[in-house]
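Reviewing the structure listed below.
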Amino acid sequence: MQLGLCSAILPDLSLEAVVEFAAEAGFECVELMCWPPGKAERRYAGVTHVDVTELDQGEADRIKAVLHEAGVSISGLGYYPNPLAADEEEAAFYIEHIRRVIAAAPMLGVTVVNTFIGRDPRKSVDENWPVFQDRWPPLAEFAGQHGVRIGIENCPMLFTEDEWPGGKNLAHSPAIWRRMFEDIPSEHFGLNYDPSHLIWQGIDPVAPLREFADRIFHVHAKDARVDVHRLDDVGVLAHPLQFHTPKLPGLGDVDWGRFFSVLTDVGYDGPVCVEVEDRAYEGSLERRKAALIQSARFLRQYMA
Amino acid sequence: MQLGLCSAILPDLSLEAVVEFAAEAGFECVELMCWPPGKAERRYAGVTHVDVTELDQGEADRIKAVLHEAGVSISGLGYYPNPLAADEEEAAFYIEHIRRVIAAAPMLGVTVVNTFIGRDPRKSVDENWPVFQDRWPPLAEFAGQHGVRIGIENCPMLFTEDEWPGGKNLAHSPAIWRRMFEDIPSEHFGLNYDPSHLIWQGIDPVAPLREFADRIFHVHAKDARVDVHRLDDVGVLAHPLQFHTPKLPGLGDVDWGRFFSVLTDVGYDGPVCVEVEDRAYEGSLERRKAALIQSARFLRQYMA
Amino acid sequence: MQLGLCSAILPDLSLEAVVEFAAEAGFECVELMCWPPGKAERRYAGVTHVDVTELDQGEADRIKAVLHEAGVSISGLGYYPNPLAADEEEAAFYIEHIRRVIAAAPMLGVTVVNTFIGRDPRKSVDENWPVFQDRWPPLAEFAGQHGVRIGIENCPMLFTEDEWPGGKNLAHSPAIWRRMFEDIPSEHFGLNYDPSHLIWQGIDPVAPLREFADRIFHVHAKDARVDVHRLDDVGVLAHPLQFHTPKLPGLGDVDWGRFFSVLTDVGYDGPVCVEVEDRAYEGSLERRKAALIQSARFLRQYMA
Amino acid sequence: MQLGLCSAILPDLSLEAVVEFAAEAGFECVELMCWPPGKAERRYAGVTHVDVTELDQGEADRIKAVLHEAGVSISGLGYYPNPLAADEEEAAFYIEHIRRVIAAAPMLGVTVVNTFIGRDPRKSVDENWPVFQDRWPPLAEFAGQHGVRIGIENCPMLFTEDEWPGGKNLAHSPAIWRRMFEDIPSEHFGLNYDPSHLIWQGIDPVAPLREFADRIFHVHAKDARVDVHRLDDVGVLAHPLQFHTPKLPGLGDVDWGRFFSVLTDVGYDGPVCVEVEDRAYEGSLERRKAALIQSARFLRQYMA
Amino acid sequence: MQLGLCSAILPDLSLEAVVEFAAEAGFECVELMCWPPGKAERRYAGVTHVDVTELDQGEADRIKAVLHEAGVSISGLGYYPNPLAADEEEAAFYIEHIRRVIAAAPMLGVTVVNTFIGRDPRKSVDENWPVFQDRWPPLAEFAGQHGVRIGIENCPMLFTEDEWPGGKNLAHSPAIWRRMFEDIPSEHFGLNYDPSHLIWQGIDPVAPLREFADRIFHVHAKDARVDVHRLDDVGVLAHPLQFHTPKLPGLGDVDWGRFFSVLTDVGYDGPVCVEVEDRAYEGSLERRKAALIQSARFLRQYMA
Amino acid sequence: MQLGLCSAILPDLSLEAVVEFAAEAGFECVELMCWPPGKAERRYAGVTHVDVTELDQGEADRIKAVLHEAGVSISGLGYYPNPLAADEEEAAFYIEHIRRVIAAAPMLGVTVVNTFIGRDPRKSVDENWPVFQDRWPPLAEFAGQHGVRIGIENCPMLFTEDEWPGGKNLAHSPAIWRRMFEDIPSEHFGLNYDPSHLIWQGIDPVAPLREFADRIFHVHAKDARVDVHRLDDVGVLAHPLQFHTPKLPGLGDVDWGRFFSVLTDVGYDGPVCVEVEDRAYEGSLERRKAALIQSARFLRQYMA
């Protein structure tokens, strides 16, 4: 495995500065954010460390050199929009940009692109399914043609009232993953596995590593703490941030020893990228960097 | 406390037969269903053991005599529609019938009427709130005028996809109860407390007994079993019946010893009515009766 | 379900006395022991409440009348020898008697015969398997021909050094049951499910009820207490009675509420027979009877 | 074992009425309170169902006849003062009355007298010890001469500030029992074992049954609930009633199945007397009787 | 947060040596002990790394230079006597020295002084309260005048028989802190929060971080292990060291991940000083230094 | 304590390379494997980092110099055959080689030799015992004469069917250790304590540290994960590798904080050697080295 960081938490740093920091802090890889340039739509989005809208091989080579020099690799390219948005024009824009990220990957020597399935949050899973069946097979095929594996992050994208009730990403549970992979059996279609989202859904974050071992293309190391005193007040029907808090690895409910124990046993040997979404560590760039360093220190006891 | 049964599970029995069975089985009281005569809209609904649309004092006296003779009392009248239905006409019908049930109670010497707040399931709690604030204060006042305490059952009315996403009853968590009682502080407005619905919401079903002691007008004894193996597959964002199963008292996750321990300490001395919604016991009238008898046997070890 | 008792604990009572006691104590059925007349080979064995070696229809009718009169039914016939004994002559004797018990069942109007697979305790499961494959298919077929379902009890028959290392019954774990039913898919071949033996093997005694629902022909209600302080001293490689104690239902580690919760959900509607093997209750006939009565009282809170 | 009741909760009933109620409610024995006639010093004290200050054989025979007629036996005589009171005169009075209770026992055909060791609450265990060594050996010897076994109840007699810091009874932990029995090895000196007091002290209430099996002369069936939310506020250094609540059996933290499981295994065959000290059930005589009946129903599932 | 060490464990080192070691071992700050010069009264007391009895600004500047040069800051000044001692003269001496420590702080550029409330151990909390109300308001006011925040450590100072029954520091539970801050609402009066003392009192060491967030001025990182096998023997009424053992962070029952998880969320950004009171690491200066280094290594995985 | 590594995992490295790696990776000591040169009989066996068959003082001095130069000490010599093998010739060979290892130790300045008791796996513990009593006292005496303490590793040597049923090492439980030390009370006869083997036997791996404190001569730091989903399928009677997985420290069920907490308290100050038997880390030499480095990083948070 390779310990890495997700660059989304460092939007104010240039690619060069991200890579330099990663190297200094002992990270072996980075997941580089590839949002289209412009204003972020939501927290942690809109970060452009690689601008795939203008990427040519020359620029790609320059980026590769920056990384090579620092001894840091790219774990994957990341772009997390809502390709199943109800607004078809909006969805088309997202899908088009996902294609650009996929196309950029081989130029950068990268084989993994991470994203979301998306969802119309006002509709049920079943109601969204035909749209998934319509929009995703071409994307998976496109990825296969480019030698790229798509890692779908298992985040429900459901935190507060504005994403209620369904959230903006279908791919949030093992039952749904199973259904996804039945419909798209392509081996270029898999998961960017983040255990933290399973914690507050009441799902064992370790057991699925066995069943979906072949589908895990990328791992996000993030944690989450269920706040039992708040859950006792609002229950699981409340907006999820009312009863849980995203935290750095080691500061939440994920049992990381057990997680890495099984992750090693199922033969995973890819990247594990720290994703910082812990508001207690977001007050300044220095603090965000410190969060990454602390997380690395924590995770290294379980990673070779 | 008085051990009772909810008559909804015995729709095929006449009032007389319900009361006779209750007496024979050792129940001290019954919650009598008062749906308007006609076809049931959903499972466990549409039961009319007292027809309040035609009730006059003569008929009420006759009913009282039936109960008196059997040595069984009426714990409350029950009617559980959706007074916050999006369709205003539909809602108006429900509200009008709730008023009829309230008006019937004093004729029967009954002081408790149990029902739901209701909810437009397609809207969030906040979006429903103004409608609650519009429709419920008059009902609470009407109840007060008739010396009737309204027990709102804390069921989310969210089990399968057709009730998704919000369910048909707002009153499902302590946080929401607090908000309800802040807006309607009337002492005729309280809870018909059913611990089973809290179990699968991840809410401690015992702790709220302390804070809401003065608001508990009626108790439903039902249980629920969280099916961890299914929860691990679907998570709490799934339709609730995908990860839990309603069961008879003692066959679920409620810790009834702890429940009655605190219930006695907070001074509750009202009815505890067995509500059977356990599909394993619904194959025949005989089986439903057996379910009630078994539940009573189980509960009696914790009740004086 | 029907609450019953296993007659093995009442060897000093005649069939008539067993049935009379069962009726008085409120049991609805009895599992009648059918060992060949003679001396018991081990504790709880060698009991003959029905002597199938000499049974003709006349005697069978007499027995049926005894039961009919008392309002008690026969849940099954029981005979628990070691049909895979290393000594072929010994095994042949056991198998012959099993056939006699099977043949007796229809005469008595009984459809379930309970027994063991057996095992050569000095050999591994794999080493025993060919013998199983040799001896059992004819028995299963014979049972099918007589309309009898064979309930294999899941007891490892491994308690003390004399049964070490493998015990005298292969059928002790879900993995082995699966293998058994793959080799003998006959629907006349199933389980006499006893949760107590799973407890000390570290196996969840409830989960298999789902997978093997169709194979559960009979249930033994016995409990077992793992003695953690002794387990901490000897570990699971010790002889099992060194770290656990068989007990009456309610006095061990089986979670009976959860057990009956799932048992009802999978649709089991057969007998549940109390099997007393609790040495603290075996001092006298009176005490053994009291054990049965206490067990019934405990179980009735979970059984309709 | 024999299920009984402690008569202290029925101070307003005559001996005859206590015994009649016990018989009707299915109790097999009673522990009769033998305080000197007069005013109670504290809750649950000062009850005189047998006045040993005036007992002669005639009166004793009359009492025995009352019990015999009802088919109820005397499990023991109870008197729970503070024989180690700092005030020597006071202590002497208590000791003298204990002697009278002991002397009365054989007249009534009773072999167990239950009481406290006592303690000067302002002094540590070590500081109290010499007084114990001075006052108790003669009492144990006196008991032996009368064929009476003294059952010391293991209650710390420390509930509120007025008994702070040490409580009024040394005999509250296994470590102290061991020390007691080393100093007074007499087989007429043992325990009236009440698991509830161990619960809130953080002591496993079951394990000591094994070590002290030979010393358990009598058992009190009472329960206690540790109130975790209050403990979290005040901690174990607070007055014990600030973090726990005495309750009826089944309404507290004692695992009664496990308790009776081990109690049967160590061969205990004496009385188990329900002791009601649950304020939620003390509002009226009717309610106290109901508490006894409920407790009996609960305990019977674990007792033959 | 800043990781620091409490200098009490290094009494044999000069201030310079303490600071040098802290810097080398990667600590960012030190809590400096300020006992009056002379012999220690008890373990971990009597350490004088800053002698405030003779401090003038020149000496203070010299000390500041020592720290500045090493790049280590002073987290607070520490002096932990019993200002509520029953002996008024003794108490007056302690209070006078606390004032000297407070007065010294601004000279050293330090804003936190850590100490105890104290207690007359022979008296109850209520009996001590008037003395608290008499002696502490002037101290809090004096601290406010000097711009110093007083951090009261939450140690009960109750370990063995000599401190029995009440210990020498009232401030041991959330309930008492609440009372303290009601009586002295000054924002210069708060806590030096040590989770280890809550562990053995049965108090959740994390939950109070939320309620008392604004009062936490300093944190001690110490751990404690409840020895369940000993607690089962003696119970919570025993002297606390009979059932628990103070240990280094990571070797006890504090869940440090959860502790830092909430500590970061409530916005704490002050010092966290390792306090070594683990007898297994006190055999030599080298071993005590090693204990500090090990503790730092452990804590750094949870601290930025 | 000294952190070390067991050289068995580095069979492809020369002694010099092992020592060099150990020094670089920050290990303070190594347990050197001393199998007779030749082919390994099983996984992890047959490693010869010191060839005691040809050792003379000159070679010993050369080895000592290698270690001295690297600043690494020898924690013990290791050789783990089956001295109770049923084949007497085979056993004699093992015993003879154990004697050679013992004799080599003082030449190398080493005082600990680690090995197994051995066992005839087809026989019960009791059946093996006379052979133990025959073969081991002379070995213990021989060790004493050489100033060597023998550390018996507590591995059952029972993993798969070929070692069934008894495994190849008697010394697997506290009960058996007690018996061993009663028969051979020599203070040169003790344990090489490995907590991982206790985990899957259901034995608390920490509690025995107290009773056997004086017998612990060496510690192996290995972990094991009980795979509950597999245990639920096969139970504890299955071959142990069917329900557990050996893992690196931190990736299994050992609570290392609690382990070191008690290990420090009982005064252990010897070596703690990482033993890698985690198949997920055995793919290459680089990976095995990484496993050792990761393990050291994990353990250092609990070790000074």
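When the chains are written out, they are named A, B, C, D, E and F in that same order, and each has its own residue count from 1.
One rule holds for everything that comes next: contacts are C-beta pairs under 8 Å (C-beta built on N, C-alpha and C of every residue); 3 or more make two chains touch, one makes a residue touch a chain.
A quick note: this is a predicted structure, and the numbers were derived from the prediction, not measured.
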Touching chain A and also chain E, the following chains: F
Over-half contact-pair match to C-D, picked out of the listed pairs A-E, A-B or C-F: A-E
Chain whose mean Cα position lies farthest from chain B: F
Inter-chain centre distance, chain A versus chain D - centres from mean C-alpha coordinates, in Å: 64
Interchain centroid distance [CA atoms averaged], chain D/chain E, Å: 44
Gap in Å, rounded to a whole number, between the CA centres of chain E and chain B: 54
Numbers and ranges of chain B residues touching at least 2 other chains: 207, 301
Pairs of chains found to touch, sorted by chain label: A-B, A-E, A-F, B-C, B-D, C-D, C-F, D-E, E-F
Chain A-facing residues of chain E, complex: 207, 257-258, 260-261, 264-265, 267, 300-304
Chain C contact footprint on chain F (complex, rising order): 124, 126, 156, 158, 161, 164-167, 172-175, 198, 200-204, 207, 231-238, 243
Residues on chain D engaged by chain B in the complex (per definition of touch): 225, 229, 245, 247, 250-252, 278-281, 287, 290-291, 293-294, 297-298, 301
